[in-house]
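Presented sequentially are two complexes of chain A, the first with chain B as partner and the second with chain C.
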Partner chain A sequence: MRRFHDSNPAAVALYYLCVTGVTMFSVNPVIISISLLASVLNYCLYAEGGVKPHVFSAVLLIVLTAVNPLVNHNGMTVLFYLNDRPITAEACIYGLVTAGTVVASLYWIRLFTKAMTSDRLLYLFGRLSPKLSLILSMSIRYVELLRGRWRRIRDTQRALGLYDDGNPIDALKGSARVLSILITWAIENGIITAESMEARGYGTGRRMSFRMFRFRSSDAILVIVFIALTALGVIGIGAAKIVYYPAIGMDLTEPVSIAGYGGFAVLSILPVIINTKEAVRWRYLRSAV
Partner chain B sequence: MALFEISGLSFRYPKSEAYALKDVDIVIGQGDFVTLVGPTGSGKSTLLRLLKPEMQFNGEIGGKIRFDGKPLHTLDARESAARISFVAQSPEEQIVTDKVWHELAFTAENLGMKQSEIARRVAETAAYFGIAPWYRQATAQLSGGQKQLLNLASVMVGEPDVLILDEPTAQLDPITAARFIDTLYKLNRETGVTVVISEHRAEELIPLCDRMIVLDKGCVVYDDAPRDIADRLDKSSPYLPYLPQAARMFIESGKAGRCPLSVREGRRIFGGTQTNESKTARRSEDDRTAALEIMDVFFRYEKDAPDVLSGLSATVYAGEIFAVLGANGCGKSTAAAVIAGLKKPYSGKVKLFGRALKEYKNGSLYKENVSLLPQDAESVFLRASVKEELEGCEEVLAKLPFDLSPLFSRHPYDISGGERQLVALCRALKSKPRLLILDEPSKGLDPVSKRRLAELLIQLKNSGVTVLMVSHDVEFAAVCADRCALFFDGAIAACEETDGFMNGNRYYTTAAVRILRGRHEGAVVG
Partner chain C sequence: MTVIENRRVRSVMRFGIPLVLIPALVVTGAAVFGEKRYLLISLGVAMLALALFAAGIEKKNIGSRRMVIVAVMTAMAVIGRFIPLFKPITALCVMTAMYLGAEAGFLCGALSVLVSNIYFGQGPWTPFQMLGFGLIGLFAGYLSLPLLKSRVLLIGYGVLAGIAYSMLMDVWTVLWYNGSFDGTLYLTAIVSALPYTALYAVSNVGFLLLMRKPMGDKLGRIKLKYGV
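Right, the complex of A and B next:
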């Protein structure tokens, strides 16, 4: 079963670039609403993270909505006065839309980071430069290695009675000592790694980058679909006329705009559509077996 | 056909008067399986590294090395990388990348192979070495044995003519190590790759290899089939420790005939013979005071992770050497850390000299009570020389059964593994612990260093220090431990006096017991 996120990393990256881009540069309330709903739906389905991120998002939405009317006093419809400054309905609505933009973009970005595991990122960078991808891969490994090493050295030093976390100065001295051992160790063992690289022909000539992901025809189709739907969305946004200040004036119902909303809505729930289709096909295949 | 022709080879390190290698003449044929043995500092590593141009140490090289008919130094860099492969001792540091598949592809990537070629070789190699199940894992998550297998597999992707291995199993437990050696043997038989390996672990390797080269002080002492060398050695030979147990028992017994090498051959000869008697008198358990009591300890690293220790219980008596044996990655080291109070169990109690660990306040636990020496002695060292490192340890040094002062001017990272272990141990004794916990003390040591370490531990025991060691080295535990325990599945599965323990086990026991097993009681070491 080939789920959406199993597609070629380049296609997946392009997808998130499209949805995030449209969301970020739009002040169209319909687009933002679609984006927010779809991103939350995607997040709930494909990125398990409990309730916490949603609570955070809700708080962020409220705070960001409240900030705009407090600092921006444009607009004709005065709701009430706060410290002799007018709080306007226009500023509130604009605040809500921008807050929606930020929160929806955050959801998309979070989904992107979940989808882009280190292998996928490496694949993307590997296409740009095999050297860069190797450096990234080594860095990822070294961070993990040094972290574990730090813990081991700290334990050793403690067990030899050299590290006393009883008082802060001692603890600081102890940490400095651990860091000094860690650096010596990293240099010493870096030599072994360097030798191992050289022994295996690193630096003998042009390097290739082994790609774990193939660019299939289905990926090409996906890319075309992404671009077409994004273009439709952008044209739709362009056709809609929106003014927030001094008074809200919107013409959201141009036929072109409606087509654009449709296009963007399909784009933003495309992962759900593809995965559901695959799941149904899978069930059908299995029952056929 | 000769692959390597080495004639009159000598080597001297810069600023050194003495030769690390002298007049070495060796011919290694295509498909040979050659084992290099000898004491630490005999030039094994130097010789192996001279065979791989990228790994050569700086220094003055004399004599000739020809590879496949041409002088080695004329070999093109890419050809050398592909045709001559090198696997070193430490499983961890040789790994370059973060994912198993990437590590496998690394050699092929460097050699600039085509995408389809890399894919084929990586797939083939992963399948052959049984790597497929962990192909997509992060390299940091692998066990030591898996890491070393990955190192081997990743150089095999280059389809080399010769594999050079410098003590590849020194950091592995005996069962994993034997498996690694079997893989090498299989590779040698099935693909015809030439294998040149240096190793302290004679037991599994010697019976399998075609040729054994004994090096001492930079010279070749013996170069022949292992059985032929064994036939020529006598009881007093200093090279006896490099032979497997069966051969040593045979030579010491002075029997006539062909020398046995493997446990199987040894059993054919020694069936029914009686050797040494049980060496420790059994003491009753009641009249001893407990130094350490571990009661139903449970530990796990994360909330949702499985238990590493599940109901660990044990009592270590004052003034004994207690060995906890088990395979790599079974949780022995975690047990040591929990016992030393470095990690907190979520259930259960650890009592040290009658008091719970948390009753030791203000770091008093690690002053004059417990010292834990970890596997990697490097994490102990802080200073630029051994002398500075051992400052304040004069009392300890004065009592040592050997002299460490020749090492004083050296950097702790530049001395051999065995020496490093001894220096670290002295460092750990500085706080005058009553309980000394050792994590894999004999890892990577040659037979001579092991004997020294065992002597030191027994001396410590006699001076009243209780020693708890966790180890995978059964032979080492048999030499110095009073009691042994088998650690399995988070708890102690069996615990007995050393003799009874070794005689009771079938796999996790010394080679001597495996040879004599079922015939009599009381053989621990030959």
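Right, the complex of A and C next:
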């Protein structure tokens, strides 16, 4: 079973670039609604996180909607006056659309962060430059190493009785000492690592690298599908005519735009489609055995 | 597998990106989208600028010892981002830059953002943050001699770095919310970000003063002992 996120990291990154890009590119309410709904669906299915992120998003949506009419007084339909400044319906609606854009992009970005684990990130950036990828992979490893080491130094200091949590000044001095020991150890250890690398011939020949991911033909198909659907969506957005100021004028129902909405909708629930297809196939294969 | 290992590609990038690609992107972007879509354009420019630095760094021969120490300092900065409120990331970048050079400072700043965003969330803001912290490190490296000598200058640099970084990220906030740049919104963003700006500046100065002596001694000793 090859789920959507097991595809080549480059394809997965391109997917999130496409959906986020179209979402941020558009002020079309239909596209934004599709994007928001689909991203929430994706998030609920593939990223566990409880209710907290959704509450945060709802609050953000309300706050961002309110900001625009407070700073922007364009528009013909005046709802009421606040401090002698007109609050207009157009500014409110535009605020809602931009808030939707921001919240939907945030959901996509969170999904992207969940999908891009450090090995995938390394695979993507390693292609850019070997030196950068080496420093990157070492620092990713050092983060966990140093955290573990920090805990050990702290425990040792506590066991020696040098670390008193009751007194804030003592605690501060204690943590400064732990930090100092940690840094000394980390730098010395780094130098030893470097010596060892050089002794084994680092930098004398071409570097090879172990890679977890291959670019398969199915990834190529995915990439083509992403680009085609994104292009359809962008053309659809271009065909719809939307004016917010001074009065709202929308022509959302051009046949081309409807095709664009369809394309973008398919694009945004593509992970769900692929995972469902794979799950069904898996079930079928299993029952065939 | 590597794009930038090829010397010719690298030299093409070093001249092509600032002279051809960035102006082309800005002009076509402005022509195609009107004034509405600065966000996408600026994101493209930020990523190209990072690629430019990647090409430049690959050219310089940073020894493997220096590389490993940069990795260690990057990891320290990442861990430092877990401290609530006060973040030592700028201070660590500046220290790295002062003792190991401008390239090391840039790498430390940019990569610590990239790595720590694995924990804090990647997004379209990542290239901007990388560029922001990278430049803080880079300039500290160029100014390393006066910064090493004078404590007042170091404090000034910490304050300035905090304010400049905050203002850069406010530009990004406005672009993201509005699509185009808007003076009133920018002022609103700056004012509402004031506590954070102050916090940045205070933690920069605080950590720089705290680390200046002990951290400087350690890095200086390593430099002397192993000839980094």
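Observations
Simple rule for what comes next: the second predicted complex is superposed on the first by the 281 of 289 C-alpha atoms of A that agree within 3 Å, B and C clash if a C-alpha of one lies under 4 Å from a C-alpha of the other, contacts with A are read in each partner's own complex, and residues count from 1 in each chain.
Operating definition for what follows: a contact is a pair of C-beta atoms (placed from the backbone, for glycine too) under 8 Å apart; a residue touches a chain by one contact, two chains touch by 3 or more.
Everything quoted here is computed from the prediction, not taken from an experiment.
Of the two partner chains, chain B and chain C are each touched by A:M197. Contacts of A:D251 after superposition on the shared chain: neither chain B nor chain C is touched. Of the two partner chains, chain C is the only one touched by A:T20; chain B is not.
Of the two partner chains placed by superposition, only chain B is touched by A:I153; chain C is not. Using the contact criterion defined above for the overlaid structures, shared-chain residue A:L121 touches chain C, although it does not reach chain B. According to the touch criterion, the shared surface of chain A, contacted by chain B in one complex and chain C in the other, consists of residues 118, 130, 134, 138, 140, 145, 180, 184, 188-189, 193, 195, 197-198, 202-203, 209.
By the touch criterion stated above, chain B contacts chain A in their complex at residues 52, 54-55, 77-78, 81-82, 85-86, 88, 90, 92-99, 101-102, 105-115, 118-119, 122, 136, 138-140, 151, 154-155, 158, 337, 340, 342, 362-363, 366-367, 370-374, 376, 378-382, 413, 427-428, 430-431, 437. Looking at the complex, you find that chain A touches chain B at residues 118-119, 122, 130, 134, 137-138, 140-141, 144-145, 148-149, 152-153, 155-161, 164, 166, 177, 180-181, 184-185, 188-189, 192-193, 195-212. Chain contact summary for the complex, chain C toward chain A: residues 1-5, 37, 39-40, 51, 54-55, 57-58, 62-65, 67-72, 74-76, 78-79, 107, 111-112, 114-115, 117-118, 121-124, 176-179, 184-185, 188, 210, 214-215, 218-219, 222, 226. Residues of chain A touching chain C in their complex: 20-21, 24-25, 27, 64, 67, 71, 98, 102, 105-106, 109-110, 112-113, 116-118, 121, 125-132, 134-136, 138-140, 142-143, 145-147, 150, 176, 180, 183-184, 186-191, 193-195, 197-198, 202-203, 209.
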